[in-house]
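One structure coming up, written as structure tokens, with questions to follow.
All chains are identified by letter, namely A, B, C and D, in their written order; residue positions are counted from 1 within each chain.
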Amino acid sequence: MKTKFLMSTPAELTDRTMAAMARQVMSPNDPDFQALYRHTTEKLQQVFRTRNDVVILHGEAILGLEAALVCLMEEGDKCLTLISGSFGDGFLDWVQLYGGEPVVVRVPYNAAIDPADVEKALRQHPDIKLLFVVFCETLSGTLNPAGDLCSLASQYGVVSVIDAVTAVGSVETRVDDWHMDVCCVGSQKCFSAPPGLSLLSVSEAAWELMRKKKRPIRWSYLSLLDWKESWIDKGRFPYTPSVTDVYGLSSALDQVLEEGPDQAIARHSHAARVCRAGMRGMGLELWPTSEAIAAASATVAQVPEGIEGVALLGRMFEQYGVIASAGPPSLQDHQLIGIAHMGRSANPMRVIVGLAALEKSLADLGYPIRLGSGVGAALEAM
Amino acid sequence: MKTKFLMSTPAELTDRTMAAMARQVMSPNDPDFQALYRHTTEKLQQVFRTRNDVVILHGEAILGLEAALVCLMEEGDKCLTLISGSFGDGFLDWVQLYGGEPVVVRVPYNAAIDPADVEKALRQHPDIKLLFVVFCETLSGTLNPAGDLCSLASQYGVVSVIDAVTAVGSVETRVDDWHMDVCCVGSQKCFSAPPGLSLLSVSEAAWELMRKKKRPIRWSYLSLLDWKESWIDKGRFPYTPSVTDVYGLSSALDQVLEEGPDQAIARHSHAARVCRAGMRGMGLELWPTSEAIAAASATVAQVPEGIEGVALLGRMFEQYGVIASAGPPSLQDHQLIGIAHMGRSANPMRVIVGLAALEKSLADLGYPIRLGSGVGAALEAM
Amino acid sequence: MKTKFLMSTPAELTDRTMAAMARQVMSPNDPDFQALYRHTTEKLQQVFRTRNDVVILHGEAILGLEAALVCLMEEGDKCLTLISGSFGDGFLDWVQLYGGEPVVVRVPYNAAIDPADVEKALRQHPDIKLLFVVFCETLSGTLNPAGDLCSLASQYGVVSVIDAVTAVGSVETRVDDWHMDVCCVGSQKCFSAPPGLSLLSVSEAAWELMRKKKRPIRWSYLSLLDWKESWIDKGRFPYTPSVTDVYGLSSALDQVLEEGPDQAIARHSHAARVCRAGMRGMGLELWPTSEAIAAASATVAQVPEGIEGVALLGRMFEQYGVIASAGPPSLQDHQLIGIAHMGRSANPMRVIVGLAALEKSLADLGYPIRLGSGVGAALEAM
Amino acid sequence: MKTKFLMSTPAELTDRTMAAMARQVMSPNDPDFQALYRHTTEKLQQVFRTRNDVVILHGEAILGLEAALVCLMEEGDKCLTLISGSFGDGFLDWVQLYGGEPVVVRVPYNAAIDPADVEKALRQHPDIKLLFVVFCETLSGTLNPAGDLCSLASQYGVVSVIDAVTAVGSVETRVDDWHMDVCCVGSQKCFSAPPGLSLLSVSEAAWELMRKKKRPIRWSYLSLLDWKESWIDKGRFPYTPSVTDVYGLSSALDQVLEEGPDQAIARHSHAARVCRAGMRGMGLELWPTSEAIAAASATVAQVPEGIEGVALLGRMFEQYGVIASAGPPSLQDHQLIGIAHMGRSANPMRVIVGLAALEKSLADLGYPIRLGSGVGAALEAM
């Protein structure tokens, strides 16, 4: 009987969420299903702190991000693309693939974007139409100042698209106050809902831009307008939703709201602090350049010299059942080890499990360490 | 306590499938999950009777169909598009939207495509590259001779894309013997798996065509090649799969295979025969022009004159808990009523429930009928 | 894929109840579990219409009935035992086994107890201490006037024990107004909760009698006093409860209360009326001597001559998936066939399934019948 | 979102077991249910290492123990009752309550029974008929040499009843080799099945004794003979089983057998060793007089002076979500703290969670400790 502790992604489900998914499917035409669905988007509005429309796309967050870009961007559009990690680089790839003209602000993978650099770029390129920003670079364990960046974009009339996939639910996010136009979240991260859904808030300005495209994206799985014009405006689903995943999301959001979104954020923040203390306690160097930019949903440190990152991950899993994660694949020169504490695993005792497996595995692989030093430091920090 | 009988789509889940979905999510990197996933595609190969690759796309069947078209079709490609119902017309819309050049063979919405007409078109247009065919036009309750049509296409070197969404599992389908290049099925239909997954078999010829596109579709939620090159070839998921839905699909396929795919087809066929007998028994006229082309997964009849189709559906649901369906929305002149018997509801006793609700609702709405005549005829046909 | 329709006992669970049981167990010391448990007994008080204590014993209803008898009865006690079916005879066996002195009022298995006979017995035997009465004789499909009988007992200072196992939830039951001292219900019947729990309301008079026994029953799985003195009085469980079954019961009661207990009773009554009409419609003779005493949770008819009861049950199950039940085993001269409509199956469409399987099976076995006559009559009665 | 870690009783269920319980109930007459039930008892025979009959009683283990005693013991029977903890004392209460004549061998609550003392008693009282022995005294965290004791009893023709409630599954148990006549296990302990079932193996000698009682126990919830004569001999259930709990047990046993019973025992043993090391590492004194008699399913230590046991338990639960347990209530002079590692929680990482919560709570309450010393020692012991 192998017990697994998922300290990576997707976040583990609570047993309440699992149970919620053991329910009979409903017809999309069933008024009970439609009410549940509508109520789910209302709960998302609460968590996003927005009055904007919320659209659920029925695929993993990568679908939501691609859909946002495809629906908003015209070929030749100038797109301010901020890069502080692998997901930022992914945005750049897409902008190029779909024919946009990228303007890049880039910092190293362990740093955060400086709003001053962004302001400079916006001033320099007054024809920038879109901003792409990653709120939380999960594999780097870093946060960008998304609020400041989007407010800035808004001042320059630039429509912003935020990859907030592992941010919302773990750090304060105020979509309306911060003028975030399209904010995209993954169901399976800080909400501990099942994977399979992209959750997007869409501002009026963003809808406007989508409608003004030469050939607006409609009749497509990538279309956001289909959902606006069919479901939001007329109460008809453009296609059959992933019913069971919606059950899971609905239940997970109930749990977030019962706890209180602010309490949930505090819990993530606490778990992250405990995790950082533990990693430092065992002598590891954190990857982010400063604690101020450290993510609340995952903590990333450098694998000590002499230890193979792959062997470390393997040991943690094979021997102790803990699934941690490596850093960005493209980062050749640095071996990283990340422990996610998102959703259900944003819990100090779950962090202890991750840390215990990490320090024991390091010791098993020859790293000189007094066992208990990591966990002890984490307990101190609680 | 309202009990609902879902005789439309999605198909109801068995309690075993529901239970299978009440399981903790796994990491896509977990060897146990990878084994489960691989095993699931092997089960699909069995059910599809194919050695072709099987790709699971993580969205409702509409995703799979759009993906097939987008990945295969070049702008300007000549596409033989067969239309015998609303899904056929949907294909036509897409071909036009994405810049293909459609060659259309069309029959009325209650008829089936004649292979002779297709052969004529193929001869007439030797430059046809793709064939689009709908195996089962669910809303019409009709079947096209997909096997003959695909074999024909193959003889002319045309790559075929088959919307077999509600066909596989309910009627004999032999992907390899019939030379079906891309065969797309919906999880939530005759397998009684949860909605949210497109299941596609892809032939070598189809992969070839995808790779030869000027700009092959990669790095997209619509890409089939991503799955081929990442998952099938290297065992790495291009993005996080819808884990819980995969659990449900895997369990549902186990149940199909334990029953035997042929037995499952016989069960659908029996349920359809019983349903047709019951509808005729209550004096309704079946919509398909002949029983020979009647679908095995849904039976469609004309709503008798003097009865409002919407009122009939409403009565069946509100009063008796039975969810049936209407005909194609575009079919203005004919009101249709459809009872699906797919997956779990392809059961004679479940058909009885649908028929009882139908005849009682007709009577409630003033249709002259001796109660029991429909159900009685259905019982005779068992 | 064999679909089963359980029209016998236990009642089928709703998918909501099943899902409620897919939850992690809790410690009996966990305040959350204690609150859930307490809330569950409060819900039972509502459904029983009582302010008496409610005790959940953690075993099937037979445990509750035995416990009531063992805890209340002293050797030599005169016990008025009313017999109108097999469960009444079961009470008699117990009274004799445990050394009570039975005073019997008996009517045939298809009739109901006459309060006048009971009053006569009470007058004749002023030293009667206990009354045992079966509210609903499920296997006979009959009801006794339990309210009148208990009120009568109360007037004579007799403590009443009511086997209301398949009554509460399907017919009006007013524990306090009717002076029912110990009223015992099975979880798995009209509430559609899982089997495994006895639900008992206990009056002050009954507690008093238990405490006054020469050797009060304590430290035993049969003890009701343990629950009173440990759980009710001090909030400590005498032993670990069947946690998962309690989850199921709690959810099932929520569903009863959301529907409204009176609406649930009306639903059972409607299902019973439809079932009786259907059985008569196919020419069967109902077993109860009059409709006035027919049960709301099960309808019982005589198997027509020339048909084997066992073969009929077998045919219904093997061929059509419907599980019906036979009559009391001791009733040698009469073959009975019963269809239960309790909890989830107290639904007219589910009754149609039972009737359709019954009439078709009768026809299969050679019974001369126009198919549809039973179901037709049932549809008329809706 | 409060995450709980149940390190007490009942043992947590795996998600696979939870899912197994989210299934529709079946009729006791359904051949599928009967096969499942029979298969479950066969799996129990494997785990018990016995060819004796196995009976499942449908109530918590206390039912099984009471039933064994009531079914076997005649008033006036001389019963050798071994007492090394609170459950042993419970046996003594029952023997006296039901009129047996106890012969007592007693050691302190932190020690184990010495077979030599038992042999002496057997020689001294050749008329002893029954032996009652507790294999694992959970609240003390101690083991008795049950194998030796039962073999001894068997040599003297004494029928043995073993409370193996928290033993089987965590320590080697060989029912047949060791001549255990009635061996009773709780579902919710080392198998991680749901609470609500007593699992008993019964030898031929025990059946014989039950049948030879002046008034054999039949027609009772406490009767083992009912199950023998009705279910085992004739395939008819004496009453409706707790269907859902049986589903859970069946699945839990599958998991034990897939792991291998010996591997499961080794896992418990490893978890116990890690737990003892951790407790000692934080300066606590273990309660058992020696490690040789320490239980594999729970580890018990003394609460350090100056700390309130109740406050410690409260802190662990309120602050860190860990549910531990106190010692035997009757043990006034010693405050104990126990961490169970049974079934799913018999996992080194779960033990780490228990230890981390314990050392942190001790520190919070003023106990002088270097944080990490307990967990560090535990990690060393892995």
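In the analysis below, a residue touches a chain if its C-beta (ideal position, glycine included) is under 8 Å from a C-beta of that chain, and two chains touch if they have at least 3 such contacts.
Model, not experiment: these values are computed from the prediction.
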Of all other chains, the one whose Cα centre sits farthest from chain C: A
Repeat of the B-D interface, chosen from A-D, A-C or A-B (over half of contact pairs identical by residue number): A-C
Rounded Å distance, chain B centre to chain C centre (Cα mean): 45
Whole-Å gap separating chain C and chain D, where each centre is the average of the chain's CA atoms: 34
Rounded Å distance, chain A centre to chain C centre (Cα mean): 53
Residues of chain C touching at least two other chains: 15, 18-19, 21-24
Residues of chain C touching chain A in the complex: 15-16, 18-24
Touching residues (chain side chain C, partner chain B) in the complex: 1, 3, 5, 14-15, 18-19, 22, 255-256, 259, 264, 267, 281, 320-322, 344, 347-350, 352-353, 356-357, 359-360, 363, 370-377, 379-380, 382
Footprint of chain B on chain A - complex, ascending: 4, 6, 8-13, 18-19, 21-27, 29-30, 58-60, 62-63, 66-67, 93-94, 97, 188, 194-196, 219-222, 239-245, 248, 323
